[in-house]
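Paired with subunit B in one complex and with subunit C in the other, subunit A is shared by the two complexes that follow.
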Partner chain A sequence: MTTPHVTTQPSAAKAAVALLALALATAAFAAPEVHEFTLGNGLKVLVKPDRRAPVVVSQVWYKVGSSYETEGLTGISHMLEHMMFKGTESLGPGKFSRIVAAEGGRENAFTGQDYTAYFQSLASDRLEVSLRLEADRMANLLLRDEDFIKEREVVTEERRLRTEDQPESLTYETFQAMAYQTSPYRHPVIGWMSDIEHYSLDDLKGWYRRWYAPNNATLVVVGDVDPPAVRALAERYFGPLKPAAVQSPKPRPEVEQVGLRRVVVEAPAKLPYLLFGYKAPTAATRPEPWEPYALDVLAAILGGDESSRLQSRLVRGEEVAADVGVSYDPYDRMTTLFTISAVPAQGRSMDDLEAGVVEEVRRLREEPVLAAELDKVKTQVVAADVYQLDSVFAQAMRLGRLETVGLGWRTADEYVPRVRAVTPEQVQAVARKYLREEALTMARLKPLPLSSPVARASAPAAIEGGRHAR
Partner chain B sequence: MTTPHVTTQPSAAKAAVALLALALATAAFAAPEVHEFTLGNGLKVLVKPDRRAPVVVSQVWYKVGSSYETEGLTGISHMLEHMMFKGTESLGPGKFSRIVAAEGGRENAFTGQDYTAYFQSLASDRLEVSLRLEADRMANLLLRDEDFIKEREVVTEERRLRTEDQPESLTYETFQAMAYQTSPYRHPVIGWMSDIEHYSLDDLKGWYRRWYAPNNATLVVVGDVDPPAVRALAERYFGPLKPAAVQSPKPRPEVEQVGLRRVVVEAPAKLPYLLFGYKAPTAATRPEPWEPYALDVLAAILGGDESSRLQSRLVRGEEVAADVGVSYDPYDRMTTLFTISAVPAQGRSMDDLEAGVVEEVRRLREEPVLAAELDKVKTQVVAADVYQLDSVFAQAMRLGRLETVGLGWRTADEYVPRVRAVTPEQVQAVARKYLREEALTMARLKPLPLSSPVARASAPAAIEGGRHAR
Partner chain C sequence: MLARLFAVLLSVIALPAWAVPPVTTWQTANGARVVFVETRELPIVDVSVVFDAASARDGSRPGLARLTSALLAEGAAGLSADAIAERFAAIGAQFATDSLRDMASIGLRSLSESATLDAAVDLATKILTRPDFPADAIERVRRQMLVALQQVEQSPDDLVEREFYRLLYGDHPYASPPEGTAAAVAALTREDVREFWGRYYVGRNAVVAIVGDLDRAKAERLATSLVGALPAGEPASPLLAVQSLGAARRVNLEHPSTQTHLRLGEAAISRTDPDYFPLYVGNHALGGSGLVSALAEEVREKRGLSYSVYSTLSPMRMEGPFYVGLQTRNDQTGEAVGVALETLRRFVRDGPTEQELDAAKRNITGGFALRLDSNKKILGQIAAIAFYGLPLDYLATFSDQVNAVTVESVGVAFRRHIDLDRLLTVTVGQPSGDGLARTSASP
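Coming up: the complex of A and B.
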């Protein structure tokens, strides 16, 4: 079973703006109403009808993830996600997945910094299967020692393949731990190895009892369904569950960073790797409301697509970089990182690469972006957003995520107008305010020879592609 | 009330080797037997008669300190130490201290990474007062909301004066948080400000119930006392207390560091400040048994006294440093830092200073220390140890500390022979093994103008001297 976990690792998601015209054409589909209601036990339910195909996506989102964890128990949310497939009082281990498969559905789960979520994609007339099974494991999970011991091995192996043996992941993990001083975002979603090795069954039982309850969850259903019918099913299966006294975790705000940080990771690797991370606000940390959207546009200007600045100037122009990526998520629950990643071109030094990135950041701080460039980028960003929402799965993701981080699903409707309203002055303002050296952490992967024992134990290439992606 | 907290911050302790001849002369006093016994409820009692003066030091050591804490609750051990002076079911707030003072005694407490300890110094015929009061507050502490709210203010103010407004402390705190990736030593003993501000009375009650019990404590009595009489008193006052089910915290070993780390702290300050920290083992982490002692000798070679290498070469010779310090503690409970701190001489750059330190470390790795230098340093180290033990307080500290970190008080007897046995090859071996760039974290304090608001709110100079010292 693959139960991948989501992190904020730089991804190529922003590059998915290819089908521009098609995406814009589908905008009409993205607008239907969301039906929201809350059961007596506190379960929030969001239903969004989308009748383009006779399918339905059902997701259950829990307000718990790695940023709710403390030292010694890092990764426990992810471990519990694995255990959620081990059966309930009425259902044997692995039975859940077999039932969904027998119904022709797909299902899986993912754990992030801010959430743990479970989903099924089914023919729309099979939604009941999903709700029955999810309600069952929300309350009746059986946590057995034998399953636990085996699954803990699976998770340590997952960590070994995806982090220990992946030099870029290892670098990213160390980078994150250095960039955040007090925020729980400093811990990896999968957890530190020693913590994984020392989980007890009681830890899992405690975590399950503490966070898995209808009043700490959101059910999201998107597809070819009628809201009243979904409501009836939700009442039938989730309605009888008891709410729990969910206590919020202690706030752990990030201490203000007041100086540059640099970290080197020496590991067997083929290529060096460079990371820049600037502390940045998100919609959830309540900065000026336009700031997260200006940062989002800024990320696209720097690294959105082939015509973005880092691509056109560092990869193609100066040929100092073989690859670059920019990542920023306006919907993280807490102060986040505006991240730039880069791999040097063959024969070019890390110092040259770093200087190239620094120069592009300097320009953004000092020179306002031209209206034409800004308009082009905004069109891309809006298109990517609209394109993404062509998928019922992505629509459900958006709603569940926004609800779970505390912004509320209606924030989804603000995205396009907020992006469209970003001005050149705002782009420059956020560059000046946030892309400052005093708030910067830099990491460098310094490759060691691949013949070392660590490299020989490395994972097959197939794992690499799926790393930390959903 | 001053309840200072102990950290591993570089201190001038090593410099206290002045009275060499006198110290060696007192060696005869340092040898008397330690009487050890354990009460039925698990309280370990160590009694060391020392009849040179009619005084007694009584200390109660709890196996809890900042390294037992997790995020969100950092500093709670220190906060609880403050609350331990707020009275019990039978004793009003502040009464404890007034009784001890009325008996002509002194008393205080200290919290460190590995322990929380309370002590009284009294005329030896007043020992009963101390044991009666300590036993009372081990079990019957009253944690009242009004005291708590006030005392939390006291602790936030303490943090403001000793850390926020002290640029070197602030730099050290950030340095520590960067050097340790997963170890709880990354947190300051006093706790992060946000955590202090969010303590609840329930947090304190929970911490008190979890750790304050006879089976998690050691009573150390040193002075003009008879062991059987101390035993009778201990039985009388501590004997009736119930043991608790003390659960060990999760292990949180430090992840292996595989590359250089650098951090800059920009803060209003008069002078820059440079810190080097190399990851190093301690007697408690079970390296080769001679390694911690070779590192201790190495620390003295580098920075022990006026004739040490950094003093003679960087301060006096090249005049690149105005001040240097070296700190290493072989008795920390977990992997620790071998720390070098330095302030540049007027007109000399931080780069020059850094290069000077790097050069001295390189020499230690590459050239064996000469027998004459080693002998001189060993004499100093042994003398400092013996000198320190001239104080009954220091003797009690040593016993309590070793017992509390799990090494056992008998380790004290090994110190001098272990130091005497260190060879030039061993000094070079630990320099090569541990003083490596891949295991190094460097921090620089970059002074901002003192006219900024932070500097104006700064503490009076008198606080500075006492900062983080015991």
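Coming up: the complex of A and C.
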């Protein structure tokens, strides 16, 4: 949850006044509270009323994702996510989606390193449909060979679309695999192609049995609903499901990095691309409690928005970058990467770009950030905390995510006060402690010509050629 | 200019079934159309100012509209790009500009607390009414646009989009890529930008949409502040009618990707075409509703040929396109395209089944509230209503219009607008596979 908006150096007094005004303006406004309960079988349920429109979003989050996987089975969580739409003992393949659609709903699912989640958005009087169907597939999924064979092909197509044919994604994948040595964060969420091609139906059955149980899941409901009514529905549909003996994943921490790593990816592309990744703790890895929030503020000061340091100095100013990005997630389950990405400006070299980024990191380590920069980040965080309430989906995401990585949904309420407590000294301290060259991995994309296709296993000769359309 | 507003078209229309706040509309003294919805639950104000000043107005200079839009916040009223960015950040406001084919838009989101909102609006007003177009910013943004053009070159999905529009629209302004072309972007001058801005960023060519925590009086002041200082000017001239392709056409752009990306379709309807609802509902059944659509069923669910397969109806000011899209491994392009094309042919020939149509209508009407469940979504809806001149009761009557669609009206509308003998098929990749030949000539 990197705060998206920051700035550089206005007058400290002005920023402080703005922050005060925003704090006063938003203090009178009370966000609705979250109702929490746990069913007898261990299913955690979070309900947050939001009565602005007669809609509801329902999400089921499972504590399993790509970081629970081992070599040879990478991407199996994502493959299982696809198979969850293929029917149950009482429901034919594809019926789940048809029922939701006929009720006016929108639905989908997503898999990450730390979670697999399923959702429906519906008119609020149709919530029961969602809970009935999700409870059914939590326990009664039918995994059939014919569906599996076709869906595995779909997943290979998804991987080609998202990764193989996108030079920046391909670079990021190699960068990740190089940055992490022992952590399961080293492999891609979608899995390596060869692993995808060699899943078996038994692999999926095993994965489903191992992780899909009420005591390994969280149901999040946000919208125009009454918590007692949601509770009654949850009891009715999920209540009868049996808990399972779910073993926690083994720790598999990342070993300490002991020196700079560099990697080059060569792929057909037009533009080079630069990635910096520093090993960084998260709220879940139990560093000093303020550290993840200081890193979050640091990320915002460096690259949060148009007014951030990299934008004002490297994109404008020096004009060495055409585009920059900074990302850090304080809520990852395991040691993560503080990432800086950049594309060089036209006519500027990768060495110039790299030197520009290195210089900005050096400054963060050696000089405290200005009070005004910090105040602006805090102002942005206060405002963004209100803005996210405009989306029922975003509210549900926030709760489900925090619960699923083991931090608990109440961590969401701590975010603003924790960020507001960060000091310039703390920002400098985390810069010095974590933005170290010994803990850095750097990747460069080196473009190969697009006009002469490289030989690839699945690339036969074109039937109609030419770079130019005719 | 006097801050006086007069209600030319003041009307208040209630939305159906549930109490969505009413849409109010009026005009500013210099002719900008304003649409407003008051929502008091969250202390937020969202504003969108839309000009008919996007790439359809590029003329012989592809990229001019995008450059103009991108330069607005790069210097205004003597403030530098840095100063503008810092001022928005210091009050927690979010500001963005965008320019596609029809709409050049400015978006502002602020907390509604009075001093904060006033500061955000004041800054946005400077950007809208007094842009400086500094010479150094022009050079920098130009170089960034040239980099973005290279990004397109390495993305098969961006390439297929660009080629499809270029070939489909030929001499029509919609052929011009919003991101420009390298030669044209390199040649754009500050004079071009100033002239474009002066012609199109005017009151009578503007729509202001406002949603959030403020009353009508405050919304009136806000709209007047934002655009009131612009000259009234003239609305953009009507665009030429789109000429349909004389015959089917199939083009491949070679790209070293493992998949081939497909776009297959033609120019269909404008946003105000009376056939909008039958085409919209029909397209929903055909390929506009995710995994349950006919195309997804045939291409993905039954055969595992593609991750993403869909059809899109994009009505615009003039005849926007209808198209089928998918990506598939190069060597099965023939099969995937064949199945998609056959599904389209059957649909145009026979229309949807009663069951398919009923499912589409239930999905659209049952989920109506999901279109309006946030300030941001309401803002997008009312901005489009005002920009395209849709009736103010558009949302109120939406579900009735959907329910009035029949199997027959879908069939008639598809046959009227989708000519299977004049389809444009664009692929990017290295396509091969059985069945590809079948699709390469007109049937």
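What we mean here is this: the second predicted complex is superposed on the first by the 420 of 470 C-alpha atoms of A that agree within 3 Å, B and C clash if a C-alpha of one lies under 4 Å from a C-alpha of the other, contacts with A are read in each partner's own complex, and residues count from 1 in each chain.
Throughout what follows, a contact is a pair of C-beta atoms (placed from the backbone, for glycine too) under 8 Å apart; a residue touches a chain by one contact, two chains touch by 3 or more.
For clarity, every value in this text was computed on a predicted model and none was experimentally measured.
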Which superposed partner A:Arg209 touches (first subunit B, second subunit C, both, neither): neither
Just to be sure I read the superposition right, which of the two partners does A:Glu71 touch: subunit B = first, subunit C = second, or both, or neither? first
Identify the partner contact of A:Met178: answer first if only subunit B is touched, second if only subunit C is, both if each is, neither if none is. first
Just to be sure I read the superposition right, which of the two partners does A:Val382 touch: subunit B = first, subunit C = second, or both, or neither? second
Once chain A of both complexes is superposed, is A:Arg236 in touch with subunit B (first), subunit C (second), both, or neither? neither
In the three-chain superposition, say which chain, subunit B or subunit C, touches more residues of subunit A. C
Output check: A:Arg363 vs subunit B and subunit C. Expected answer is one of first, second, both, neither. What do you get? neither
If we overlay the two complexes on their shared chain A, which of subunit B and subunit C does A:Arg432 touch? Say first, second, both or neither. neither
Given the complex with subunit A, which residues does subunit C contribute to the contact? 18, 20, 39, 41-44, 73, 81-82, 85-94, 109, 111-113, 115-116, 140, 143-144, 146-148, 150-151, 153-156, 163, 166-167, 250-259, 289-292, 297, 300-308, 327-331, 359, 362-370, 372-376, 426, 429-432, 436, 440
Provide the residue numbers of subunit B that touch subunit A in the complex, in ascending order. 70-73, 174, 177-178, 181-182, 184, 192-195, 198, 249-253, 255, 258-267, 438, 444, 446
Interface with subunit C, subunit A side, in the complex: residues 5-10, 14-15, 18, 21-22, 24-26, 29, 51-55, 85, 93-94, 97-98, 101-106, 108, 121-123, 126, 149-158, 160-161, 164-167, 268-271, 305-307, 311-312, 315-316, 319, 322-323, 343, 345-347, 375-376, 379-380, 382-384, 386-387, 389-392, 447, 450, 452-454, 456, 458-470
